[in-house]
Amino acid sequence: MSSFDSSLSRRILRMRILVTGLAVVVAFLLGSALVALAGINPLTALRYLFSGALGTRHGIGETLTRFIPLFLATLSFAIAMKVHFYNVGIEGQIALGSLGALLVGVYVTGLPAPIHILLCLTASVVFGILWLSVAGFLRFRFGANELLTTVMLNYIAIYLIDILVETVLKDPNSLINQSQKIAATAKLPRIMEGTTVHLGLVFAAIVGFIVYYYVWRTPGGFELRAVGANSKAAKYAGINPAKLIIIGMIISGGLAGLGGGLNLLGYQSRWVSGTFLGYGFDGIGAAVMGQYHPLGMAFSALLFAIIRVGGGAMQRSVGVPYPLVHALQGIVIIAVIISAYFIEKRTEKMTKGGQ
Amino acid sequence: MSNRKDVILEIRNLTKTFPGVIANKDVDLDIERGEVHTLLGENGAGKSTLMKAIYGIYGMDSGTVKYNGNPLDAKSPKDAIAVGLGMIHQHFLLVQEFTVLENIIMGLKADKGIHLDLGKHRSRVEEIVERFEIRLDLDEKVKNLSVGMQQKVEIVKVLYRNAKFLILDEPTSVLTPQESQGLFGIIERLKKEGATVIFISHKLDEVLQISDRITVLRDGEVIETVVNKDLRKDDLSAMMVGREVTLDVDMPEVELGPDGLELDKISLVNPGGKTVLKDVSFSIRKGEILGIAGIDGNGQEELAQVLWGTLKASGGSIKLHGSTVDDLSTRKRMDMGMAYIPADRKKEGLVGTFQVSENIVLNSYYKPHFIKGLGQDFGAIREYSERLVQEYNVKTPALSVWAKNLSGGNQQKLILSRAIEGNNDVFIIAQPTWGLDIGAIEFVYRKISELKEAGKTILLISTDLEEVRSLSDRMCVIFEGEVSETFRVQDKQVAEIGLLMAGGKRREE
Amino acid sequence: MDSQFMIIIGILLGSTIRYTVPILYAALGGLITEKAGVLNFALEGLMLAGAFFAYYGNLVTGSILVGVLCALAAGALTGLILSISILKYKASQLVMGIGINIFYLGLTGYFFRIIGSSGAETMVDDLLGSIHIPLLEDIPLIGVLFEQNILVYLLVVLVIFTARFFNKTTIGLNLKAVGENPYAAAAVGVDVIKNRTLAIVVGSMLAALGGGVMTLTMARVFLENMVNGRGWIAFTAIILGRYSSKGVLIGCLVFGAATALSDIVQIVGIDIPYQAALMVPYIITIVALVLSVGGGNAPAALGARYDRE
Amino acid sequence: MKKKIISLLLVAMFLVSLVGCAGAEEPAEEPAVEENVEEPAVEPIKVGVIFTGSIGDGAWNESGYNALVKAKEDLGIEFSFQESVPVAESGEVMRNFAYEGYDLIIAHDFNYNDIVSEVAPEFPDVLFTVSYGYQSTEDNIAAITSSGWHASYMAGVLAAAVSETEIVGVLSATDSFMGKRMRTGFVNGAKSVNPDIEVLEAFTGSWDDVVKGKELVNGMIQQGIDVILSNSGNVNFGVIETAKEAGIMAIGAPSDLSSVAPDTVIASAVTPSGIYVDYGIRQLAEDNFDGGVYVLGIKEGAEDLIWNPAFEAEFSAEVIDTVNAAKLQLSNGEIEEPVVE
C-alpha cells in the first residue's frame, strides 16, 4: 500500500504533454504540405511564421497582445465545458464585453484612471455574463440547446453592435462608422516599451491563476469538477449540479466579456463597424489543445496567437495567403483531439496499476 | 463425459483475457442437443464472458469452438446468428423507440434490393408467437412494455432468426418469481421443439428446477459438470465458492431506540404526470434495519432520492430524529447525520475519473478540517484517505488512482468507508452487494451488522429478496410505488412475499 | 396595390425556394448522420468545402457534372475523416465539427487565393437550365415552383426517398437502430461502425452538395465564407424538424422564408438598419428552437460515444 | 515508451531548430538583392500594402493590387502586402511593415485612416498613404481620395435616362460614409434627369454572400427596376448574372465590368482604386511626397463612367448627351455635393 502518489500524476502530465506535442508537430507538417501546394518552400514559410511572431520585440509584443483576449476566451470555453455547457458563443460575449467597456469608457468621464478602468472592466464582465445568460435562460427555461442558441447569438451580437456603432454610438467627428474613443482614464497602460502589450496581460495572468486555483484547489472547484465528471454522483454527494452549471456559465460569460473588455481598453480603444475578432472560435481550439488545463491552455493560446501573428508575417514575406492560418488551426484542433484518444488509453493503463 | 451423446456445441481450451484479468482459462465444455444446460457461478466467475466470446461479442484469445461439428469462429454476433445461435442478454438490447415488430426484424437482410416487406415479416412473426403461445402486441412500442414482456420480445427476436440454440444470460434477475415461472414454461416449450438452451444463473433454486445438466464455473475455469439428479443446493454452492459458505448472517440483537426515520404518506408524481410513489409510510427505529424488497423499477430509486433530498416529494413528510426535513437540501440532511449508499456505485456513488482520495472526501471535502485558507487542505485529505483505505482494506495501488479502475468490491468499500466515517446515524442503503464477490459481500454484511449494533437507523433497499430477508428486522414490499404493510421477516413465506412483489394483492388474475 | 401584393408573394416564393435548397441538402445530410446517432457539427465547413470544390471542378473542366462530383468527393473524404476520428478515435463530435469548420474556412479561402481566380472568366457556365413542368408552371403565383433546375427536383426526390428510407428499408431501419441503441443493434449482428460510417459519409456528401448547389446553380462563383452560417441553420432545422425528413423540410422552408422576408423588408424600403433585417433569420431560428423543444424525438444514442463491449 | 519519448524529442528538436534558424539565416534569404548587385547602389522603393479583403475580389482590392504590379514593372519598386486585415488589427500590420524597413505603407481603405493617424507619428521616416482617405494629420500621411460620388452621379443620370419603368436600384455590401455618398450621388443623378424616379436600395451585409445579393436584386427586379447599379465587390458577378437572366440593364462598379456580360452591362461607374496606389508611389518615386489630402477627380481618371462600347452605339444621342453634359458639369464643379445625413 503506497501512499499518495504524486509521481504518477507527474508521469501522466509528462505523457500528455509529449503526445499533444507530437500531434501539434504532425499538424504543422500537414500545414507545411499545404504551403508547398502554393509553390512556397514550407521551411522558409514556417521560419517566417515563428520569426514574425517571436523574432522581434514588436512581434513578441503583438503576439502577447493577441494572447490576452485569446487566453480569456480559452479559459471561458474550458470552464463552461467543465460543467458540460457548450459555450460556442464566446465570440458574441467578447463583442458584448467590448461594448460594455466601450460604453463606460466613452460615456462615463471624470473618474480617476484606476477606478474608471475597473468600472469599464466590470461592465464588460457583466455584459458578457448577460449575453451568455440569454442562452442559459433559454436552456433552463425551455430546454433549448445552448450550442445552437449561442451560435445564433454570435451573429446577432455582431449585427447588434454594428447597428449601435452606426447610429447612436457613432463618433460624430468621424466619417467612418465607428464609435468614439474611450477616455484617456479608461485606457490600460502599455507595459512593454515600443509594443502594444498592455496591462491586460497582467490581468489575464492573474485571472488565469485565479481560475486555476479555483478549479483545482478550492472546495468550490472540487464541486465544479465533480459535477463535470459525474453530475449524478455529485448530486448524491450533496452538490447541487444546477447551481454549479450556473456558476460555470457565469464565470464563462464573465471571462469572455473580460477578454473583450481588456482588448478594447488596452488595444482597440473603439469599435469599428464590421469588426469580427474571431477569438471565440480560436479559443475553443486552444482550449481543446490545452486539454482544459490552465497551464496547457496558456501554452496553446500562445501557440494560436503565434499562428495568427506569424500568419501575417508569412504573407508579407513569402506571400502565403492568410487563410492558411485558419486551415492550420483546424488541423491542429483535429490532430490534438485525435491524440486525446491515445492519452486517454495511456492514462487508463497508467492509473490502473497492479491489483 | 465418456458416454457422449449428440454434442451440438463443443468448446475446447477456450481462454479469454482482458487487460490484467483472466476471464476464462482453458475452458472445455460440451453442450448436448436438446438439453437445458446451466452455467452456474458467482458474479465474475466468467459465465457471461464465456458465452459472449462464443457469440462473437468479444473475440477469444485461444481455443476452438465447434457447432454442429463445424468450427465456429464468430467475429461478430452476425456470424453466430447465421449458424443458429441466439443470445438473450442480461440487460435487454432493445430499441425503446421501435415497435415490437421492428425490434424483432431489425438487422435482417433485405427482401428485395433494400426494401423491407413489413407485411410478410408480420405474418411470420405472428406464426411464431402463436406456436410458442407468447402474447405480444407487435405494434406496441417497446418502451411501453413491462420488463417481462420485453424479455419475451427478446426471445421472439432470436426465435425469428431460426435460433436452435438459445443462450439466456441471467434471465430471471429482473423477474418476479411468478414471471420466472412463466419464462420456464417457455423454456420447456422450446425444449420440446428441439431447441438447446444455455441458462446462466447464480440462483440455485431455479437452476435445480430447470436444468438437465449444470456446469459450475469459478474464477473463469470449469469446476465440474453434473447431471441434475438428486442434487442439493449445498453441493452446488460449495462448488461455486470453493468452500462451505453460509451467508446466513447472524444479526446482533439490539435494543431499539426511538424512531430515527419516519415517513408519512410520501408521494411523488413525475414530470410526465405519472404517480411514482403513493402514500409511502413507515418508520424505522434506532438499531433497527427495515428492508424493502421488490422488483427493480417499482419506485425504489425514487423513494431513496426523496429521502435523500435529490427529488422533491409531491406530498407527505419525512422526519429525521423527529424533526421535519422536507424542505432541507441534501447537504443539510447529510449534516444531520444521514448517509446514502446508492444502488449504482459507478454512476451514482463515485466520480470515476476522480482519484480515490477525492472520492473518499466526496461527502466531506467542504468540512472545516479539510479547508486551509480559501483552498483545500490536501495534507489533511491525504491523511484521512490513507487511514480509511487502510481501515476498510480498500485495495488500490495508490490514492491517486482513478476510482473507476478499482474493482467493484473495493469501490463499495470506499463508499461504505466514507459513509460510516462521517459519524452518521441514519443510513439508506440500496443494493449494497450487487455484482460483488462473496468476500466483498461478507464484508458489506459485517459492516451493516456493526452499524446495527452501534444503534444506527438503517433502511435497506434491495431487489435480492434473500438479502432483505437475512439482514432485516422488519420488511415490506414495494410495488408500483406503493409499499405493503411492514412485517417481521419470519412472519411471511417467500411465496407470499413473491406474490406481493408481483402486485398480487391488488390484481385478482 | 393588389398587383403589388402579388408581386411580393411571387418574390417571396421564388426566393424562399432558392434559400431553402442548399440548406435542405445540408439538413438532410445532417439528418441521416444524426439518425445513426452521430451529431454533425461540421455542416458549415462541409458546405464551404462543397461550394469550393464544385466551383473548382467546374472551373477546371467546364462541366457541371464534374463540379457536382467534386463536391460529393470532398464530402465523402471529409465524412471518412469524421468517421475515423469519431468512431475509431472517439473524438468529441462537437470539437471535430468545430475543427472541420475552421479548417475549411481556411482551406477554401487559401485554395481560392492560390488558384488566383477572380472575375468573369472564372464563373461557372450555366449548363443547368430550368426544367419547366408543363401546365403546372402556368399556375399563377405558384407556377414558379415548377421551373427549377434538376438539382432542385433531385432534392424533392431525396426528401421523399429519405422519409421512406427510414421506415421501409432494411438499411434505414438498421441506421435508425444504430442511432437509438447501438448495443441492441450490434447484438443482432448490425455492424455499428459500418452503419455509422455509411451515415456520416453519405450525410457529409449531401451537405457538401448543398454547398455545391450554391456555387453551381446560384452564385456561380466562389467567395470566401459565402456559406455565411447556413450550415448552422441547417443543423438547427434538424432539431426544429424533430428528426423527420418532413419536419426538416418544413424547418428549412421556415428559414428560407424568413430570409426571403428580410430581403423584402429591405427592398420595399422599410426604414430600419439593414443589419436588423439580416438578424431576422437568426432570431426566428432561436424562437422556433424555443417553441419546438420538449420531447424532440432525438435518437436516444445521439451524440453518445460508442464503445464496443 | 522510452523509444517513443526519444522520437518525440527528435521531432520537437526539429521544430525548435526551425525557429532557431529563422533568426540566424535571415540575411541570406533576401532574394531580390542579388539581381541588383551590379547596379549602382539605388535601393528600390519598398512598398507595403494593407488590404481589407482578398486581392482577387475583382473590384477595389484587385484594382489596387494591379497598380502595384504595374508599379513594380514601371518603376522597379518592391512590394509586399497583407490581405484581410481587420481595421482593429491594422495598426500592428503597419508597425510590422515599418519595422521591416518599408519606405511607403499604403493603407488601402478609408477605414484605416484613423489608425494611420495613430501609427504614423511613431515612424516619422516612413510615409503613409490612405486610399480614399479623408484626413491627413501628419506630414508623412497623404490621404488620396476623390469625390466619391461623381461616378455614381453619372450612373444615376444614365440610369434615369434609359429607364422605362422609372424604377432603378442600387445594391451595396455594407453601409458606410463613402457608401452613402456613392448612393446619394446615384439618387441625385437620377433625380436630376427624372424627378419622379424611384430608387430602391439594399445591402447584402457581407462582401461574400453572393446568393443573398442575387436574391435581393431579383426581388428588386420583381418590384420593377430595369436598371441596377451594383457596387458590392465580388457579389457584382452574381448581380449582373441575375440582371442578365431577367433582361434588365446593369451598371457595374467600381471597375469596368462590361466584359462580364456584354449584353447586360451598359456602362460602369469606375473608381479605380489603383489610381490612389499609383499616385502615392509616383509621388515618392519623384521625391515629391507631401502630406495632405489629395482629391483626384474625373480629370485624373479617378472617377468616370465608362460606356460598354456595344451599348454606346445603341443609345440615342440624347442619352449620351445628357450623360456627357453631367460629366462636364461635374468636372467643372458645377454640381453641388450631395448632402449625406
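Here the chain labels run A, B, C and D in written order, and each chain numbers its own residues starting at 1.
By our rule, contacts are C-beta pairs under 8 Å (C-beta built on N, C-alpha and C of every residue); 3 or more make two chains touch, one makes a residue touch a chain.
If you're wondering where the values come from, they're calculated on a predicted model, not measured in any experiment.
Listed by label, the chains touching chain C and chain D alike are A. The geometric centre of chain A is 46 Å away from that of chain B, both derived from CA atoms. Note: centroid distance chain A to chain C, computed from Cα atoms, is 30 Å. Averaging C-alpha coordinates per chain places the centre of chain B 73 Å away from that of chain D.
Shown for chain D are the residues that touch two or more other chains, namely 83, 175, 205. Contact of a single residue of chain B with at least two other chains is seen at no position. Taken residue by residue, chain C touches two or more other chains at 109, 112-113, 224, 273, 275, 278, whereas all remaining positions touch fewer. The set of touching chain pairs reads A-B, A-C, A-D, B-C, C-D, using the touch definition from the header. The part of chain A that touches chain B in the complex is made up of residues 1-6, 8-9, 213, 217-219, 222, 225-226, 229-230, 232-240, 348-349, 351-355.
Those residues of chain D lying in contact with chain C across their complex are 54-58, 62, 83, 175, 200-203, 205-212, 214-216, 218-220, 222-224, 234-235, 237-238, 241, 257, 259-261. By the touch criterion given at the top, residues 19-20, 308, 310, 329-331, 333-334, 340, 342, 347-354, 357-358, 362-363, 365-366, 370-371, 374-376, 382, 385-386, 389-390, 395-402, 405, 407 of chain B touch chain A in their complex. Residues 34, 37-38, 86, 88, 138, 142-145, 147-149, 151-153, 155-156, 159-160, 162-163, 166-167, 281, 284-285, 288, 321-331, 333-334, 337-338, 340-341, 344 of chain A are the ones that touch chain C when the two sit in their complex. Only residues 18, 21-22, 25, 28, 43-44, 46-48, 50-52, 54-56, 58-59, 62, 65, 159, 166, 174-178, 196, 267-268, 272-277, 309, 312-313, 315-317, 319, 321-323 of chain A touch chain D when the two sit together in their complex.
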